[in-house]
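Two complexes, one shared chain (chain A), two partners (chain B, chain C).
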Partner chain A sequence: MSEVQANGLTEAETKGRALDLRSLDNPKAMKLYRRFDGIIILVLFMFLVLGVQIQFTLTAGDWDYWIDWRDRRWWPLVAPFSLLLFIAPFTYGIWYRVRLPILATAITTLLCLVSWLSRYLNFYEFTHFPLSFTFPSTYIGLGILLDCALAISRSLIVSTVIGGGLFGALVYPINWSFMAPYKVPVEFNGMLMSVADLMGYQYIRTTTPEYLRIIEESTLRTFGGSVTPLTAVFAGLCGIVIYALFLWVGSWVNGLDKFTKRII
Partner chain B sequence: MAQENTQSIALDGSTDSKVAGHFKRNRFAYMFGAIVIAAGTAIRIYLDTMGFSVGTDYYSEEFQKYWMPVLYGEIIFLSSFTVILSTYLWMTRETDASSISKELELQRYWKLLGIFTVMGIWAGCVASNAVESDAAWHQVTIRDTDFTPTHIVIFYFALPFLTAMLIPAFIWTHTRIPAYMNKISLPFLAVVCGILMIMPNYGFNEWGHTFFYAEELFAAPIHWGFVFLGWSLFFLVPLAMQLIGNMARLIAEATDEEAGQSA
Partner chain C sequence: MNRLIAGKTQLRTLLVGLALVLLAGDALAHGERAQLASMRMRTVHWFDTKVEPQNVKVGDIVTVTGKLVTSVWWPKHMPSIAETVYLNIGVPGPTFLRLHSEVNGVPMMRSTAFPLGKVYEYKTVLRARIAGRYHVHPILNVKDAGSLVDKGTWLEVAENDSAAPFVNEVTTLPGDTINLETYGLKGVFTWHLIWIAMGIAYLLYWLIRKELFIPRFIRVRELGQDRANELMTKKDFVVSSLFFTGTLALILGGYFWAEHKYPITIPLQTGLVDVEPIDIPTGGLVVDVDHATYDLAGRSLSMQFTMTNNSDSPLRIAEFLTANIRFLNPEINEGEIYEGEEMVSKDGLTASVDIIQPGQTVEVELVASDALWEQYRMTGLIHDPDSRFAGMIFYYDENGERFFQEVGGAVLPNFF
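Then we have the complex of A and B:
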């Protein structure tokens, strides 16, 4: 057993720290550190691409594939819920270990890139849907807000309440400029509908029955135009809760940075 | 003398020209990476060409001729690849961690990063090509059959190939790198198990598919098993931190010794 010194470190740990500090003045060591950082970032980002694609497409994909699915009640709720759940554990790990508030921006940007590539290859080239009908939504602005909340407050609790809340609440406004042309009312066969709905009628898909069951269900319309802001408030609440819950999952996962005994 | 050569390659490859040295150090990642990209491109072109023309009905002769051999080939290739490579790596394992020099250990960490780079490239290919191809397929086909081209590509090649690379990488790491020998890295094990368990989860997915004549909803609960198992990627951060800690110290020691020798 190494003897503990006055500063609370063992002799070996003190020597290790001195070695680490010396390496910062060594150009060869710094060159290797930079190469090493580059590879780790590349690998982590590539796996993040796969992870977020699986997570998002299998929990909120339908709302993101089709412009007519981006409704006022489910899409602004499901999309941030799915994303925050994936972002939180990575944010916790990277913030806790290296104090970098970048994961939300990185994950939303990676999702944007891979979604565009995937929609082009799979929905446009493979199954011949128009890109104007299947282009992905953007969540990059939400990721920046979440990271800024963490960077400015330096507190996971504050960033959960402010950043998580804003992430949930602002899905609709941040995509509004892309969606506005599709919300223009048109008359078709004597019925009033949006351009997005008209495109949905023209491109019958196997999700069409689900579209009729899920999107804009109910007929009372007692809330009129308030549906979108009310959904935003509820999505903000869900964002705070799910982000907090999965930050806790992140703390548990990052606590498992351990080795166990070999079985064979 | 042999140790000096090893050290120079582990640190900066100074014995070679810049380009040749760079390729030599990273040849595993470049060559294997190029092979997996070529394999991914080939199977993607095959899916685009033969998916709708001969792939919509499992009971048709065309499907049996053009798609079932692909499925059998994938199963044979991936099983052989995993079993043979894993067995070889286990049988040729190091038994004495103390005989591995710091330079060799550092060299092996670079190789491990090369292996992870190749897996990362494949993960990117799967994310951009495979995952949503199934979503798009099921939106335009009006009936589901026992096997479909997109399932043959995703479930029997794309995701299992990731597992086929992860298992040997796990064995290689735990039998070649001293910090990992005679113990098991929990985050690495969690990543491998999570991705591996996606394959048994096909049972849940296919069982769910028997209820539908078509996909209808891609965010359906029958797909949530994949999501849950995908959460095993959360363990990449603690795994990366293990690697960063070990490699940073090794680089500091190796460069410090070299600076000491030259002074």
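Then we have the complex of A and C:
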């Protein structure tokens, strides 16, 4: 067994690292690295797109499938919760290892693309739901804000407070630009409904009855009925907590590499 | 040699699997036989279901009407329909548009509650949207209990003569007439494209660079965590700041633009509606269940009753209904069989007493016997956690007026 040096590495490890560093000046090595980087991007993005699709479907599926599920209280809480717990551990790993603030943007963009694919093939082509009823929400801008907060501050703590907070708080505003038309009122059979409610009634879902939706169920009813801003503030706080918590999970998972070294 | 044999076996397995997939037929039912026999017998008794017309074109109207009685023998281990229920329709997705639905005259866009032991008359108006052949069922979604399905009726929907796309127009309260098939999609597509372009631009900035994952990993390892931030350049800072500011501006700009364009919006609407139930028209017949036996080999349910006719008209028992199966008394031709109706045993009911005279109290045995018990998996009755049965008897007075009531009680199996 080699002796450990003052820097905590063995002599062989120190030599290996010096060789790695010198390889960065070697064009042939760099060409090889670029090919490996391409494979890493392919594998990582494939893993992320599958992972986030499954995770988001299981935890926030119906909120993203149907326009008549996206209420002012639950959807702005459920969606960032679900996304941040997936984003945070990967962000920690990639930031710790290579200092690239891209994971939140990558995950939200990939989720958006795969959601559109799913809505078009599964919902529109296969089961005949109109896209106007089943289009996905977007979280890409929130991912960019989270990544940029990290890139600008270079601090996971600052990015948690600013990025995590904005990620939670801005779910409703970022989607309102194209969601507002679906909240226009309609009179139907003597009752007041939004366009989204009416679509949920008319486009039949046999196993998704009306009562399954969680609409306005909470105790956030103070502050003069300002539901949307109040939920945004609460979602922002939740975003900070969830992001911090799962960054910690990421740091814990990241520390498991010591076991892989021993195995090798 | 062994590998060759194993390879051939795998190939055969694959081919058989593929053949099974290719030869598999369509799934055309909605699990009518899948639910526990007790659930079908003791939850909701559907009757008089009519689906009209049964041959339509895309755009045509189809009306589904019928009645149901909520069972007082509702299983105690199952969440009750008296809490929350939604009148639904079992069709393959939005192949139809639901234009209207009501129970006892009350519109049913929202959920409601059905107290037990009452009659509810429902109506659902559909508009055919996608051509095809569909098995249409009325359905009640009961909160925490699942779906309770009436029997289905086959419906043929042909393409209409026009090549124009299907249109579903409504007028909003602000006065705009909109087509829900495509409403709002222009904005959805535009904003999604903007955000996807933003996301890809941001990713490309970070991913198209000379040193990416492996070189940066080497440098971070060399610098250590304390100095690793030196990898972030001034250009990275400036570009990230621009993206941050631009994104924030776009989010807020989009929000206020939408607020300006759609000044009148409301939150999603929800809540329960109340329905006034109808009492069961018993016609003055008092029925006590004395005993019931289910004969497995004979596929028959034998029920002994004591019946007292308190009306001033003689009564004749015409039908026993349970789990959506109708057992008709062939001696009385009063019970109508609707066009396309399934699960009817035309001579499945025998009654030991033909006429119950006014003021008379008699012992009556009803035997509901047919292979439908087996076909619809009702023999599972003997495996239920509380062996009870329930059903409806229908009877007529001398003027042909129909009365009905629910009967139920303990049932004993006869295995031999």
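By definition in this document, the second predicted complex is superposed on the first by the 224 of 264 C-alpha atoms of A that agree within 3 Å, B and C clash if a C-alpha of one lies under 4 Å from a C-alpha of the other, contacts with A are read in each partner's own complex, and residues count from 1 in each chain.
Quick note on the criterion: a residue touches a chain if its C-beta (ideal position, glycine included) is under 8 Å from a C-beta of that chain, and two chains touch if they have at least 3 such contacts.
From a predicted model like this one, the values you see are computed outputs, not experimental measurements.
Trainee: Output check: A:10 vs chain B and chain C. Expected answer is one of first, second, both, neither. What do you get?
Mentor: After superposing on A, A:10 lies clear of both chain B and chain C.
Trainee: Classify the contacts of A:151 with the two partner chains as first (chain B alone), second (chain C alone), both, or neither.
Mentor: second
Trainee: May I ask you to decide whether A:47 touches chain B, chain C, both, or neither, giving the answer as first, second, both or neither?
Mentor: first
Trainee: Mind working out whether A:108 is in touch with chain B, chain C, both or neither, as first, second, both or neither?
Mentor: Once the two structures are laid over each other on A, A:108 reaches chain C alone.
Trainee: Give one of first, second, both or neither to describe whether A:127 is in contact with chain B, with chain C, with both, or with none.
Mentor: The answer is both, since A:127 touches chain B and chain C.
Trainee: One more residue to check, A:251. First (chain B), second (chain C), both or neither?
Mentor: In the superposition, A:251 touches no partner, neither chain B nor chain C.
Trainee: Between chain B and chain C, pick out the one touching the greater number of residues of chain A.
Mentor: Per-residue touch count on chain A favours C.
Trainee: Under the stated touch criterion, which partner chain does A:176 make contact with: chain B (first), chain C (second), both, or neither?
Mentor: Second partner only.
Trainee: Based on the superposed arrangement, let me know which partner A:62 touches: chain B (first), chain C (second), both, or neither?
Mentor: The answer is first: A:62 touches chain B but not chain C.
Trainee: In the superposed view, which residues of chain A touch chain B and also chain C?
Mentor: Common interface on chain A, chain B vs chain C: 20, 23, 33, 36, 40, 97, 127, 129, 205-207, 209-210.
Trainee: Please give the residue numbers of chain C that touch chain A in the complex, ascending.
Mentor: For chain C paired with chain A, touching residues are 30, 84, 86, 88-100, 107, 109-111, 129-130, 139, 141, 143, 147, 168, 170-174, 176, 178, 180-185, 187-188, 190-192, 195-196, 198-200, 202-203, 206-207, 210-222, 225, 228-229, 231-232, 236-237, 240-241, 243-244, 247-248, 250-252, 254-255, 257-259, 261-262, 264-270.
Trainee: Mind pulling up the chain A residues that touch chain C in the complex?
Mentor: Touching chain C: residues 17, 20-21, 23-24, 30, 33-34, 36-37, 40-41, 68, 70-72, 96-102, 105-106, 108-109, 112-113, 116, 127-133, 135-136, 138, 140-141, 143-145, 147-149, 151-152, 154, 166, 170, 173-174, 176-199, 201-207, 209-211, 213, 215-216, 227 of chain A.
Trainee: What does chain B use to touch chain A in their complex?
Mentor: 11-12, 44, 47-48, 51, 113, 116-117, 119-121, 123-124, 126-129, 131-133, 135-142, 174, 180, 182-187, 189-190, 214-219, 223-224, 226-227, 230-231, 233-238, 240-244, 247-249, 251-253, 255-256, 258-259
Trainee: Quick one: in the complex, what on chain A touches chain B?
Mentor: Interface residues on chain A, with respect to chain B: 16, 19-20, 22-23, 26, 28-29, 31-33, 36, 39-40, 42-51, 53-55, 57-63, 65, 78, 89-90, 93-94, 97, 114, 117-119, 121-123, 125-127, 129, 205-207, 209-210, 249-250, 253-254, 256-263.
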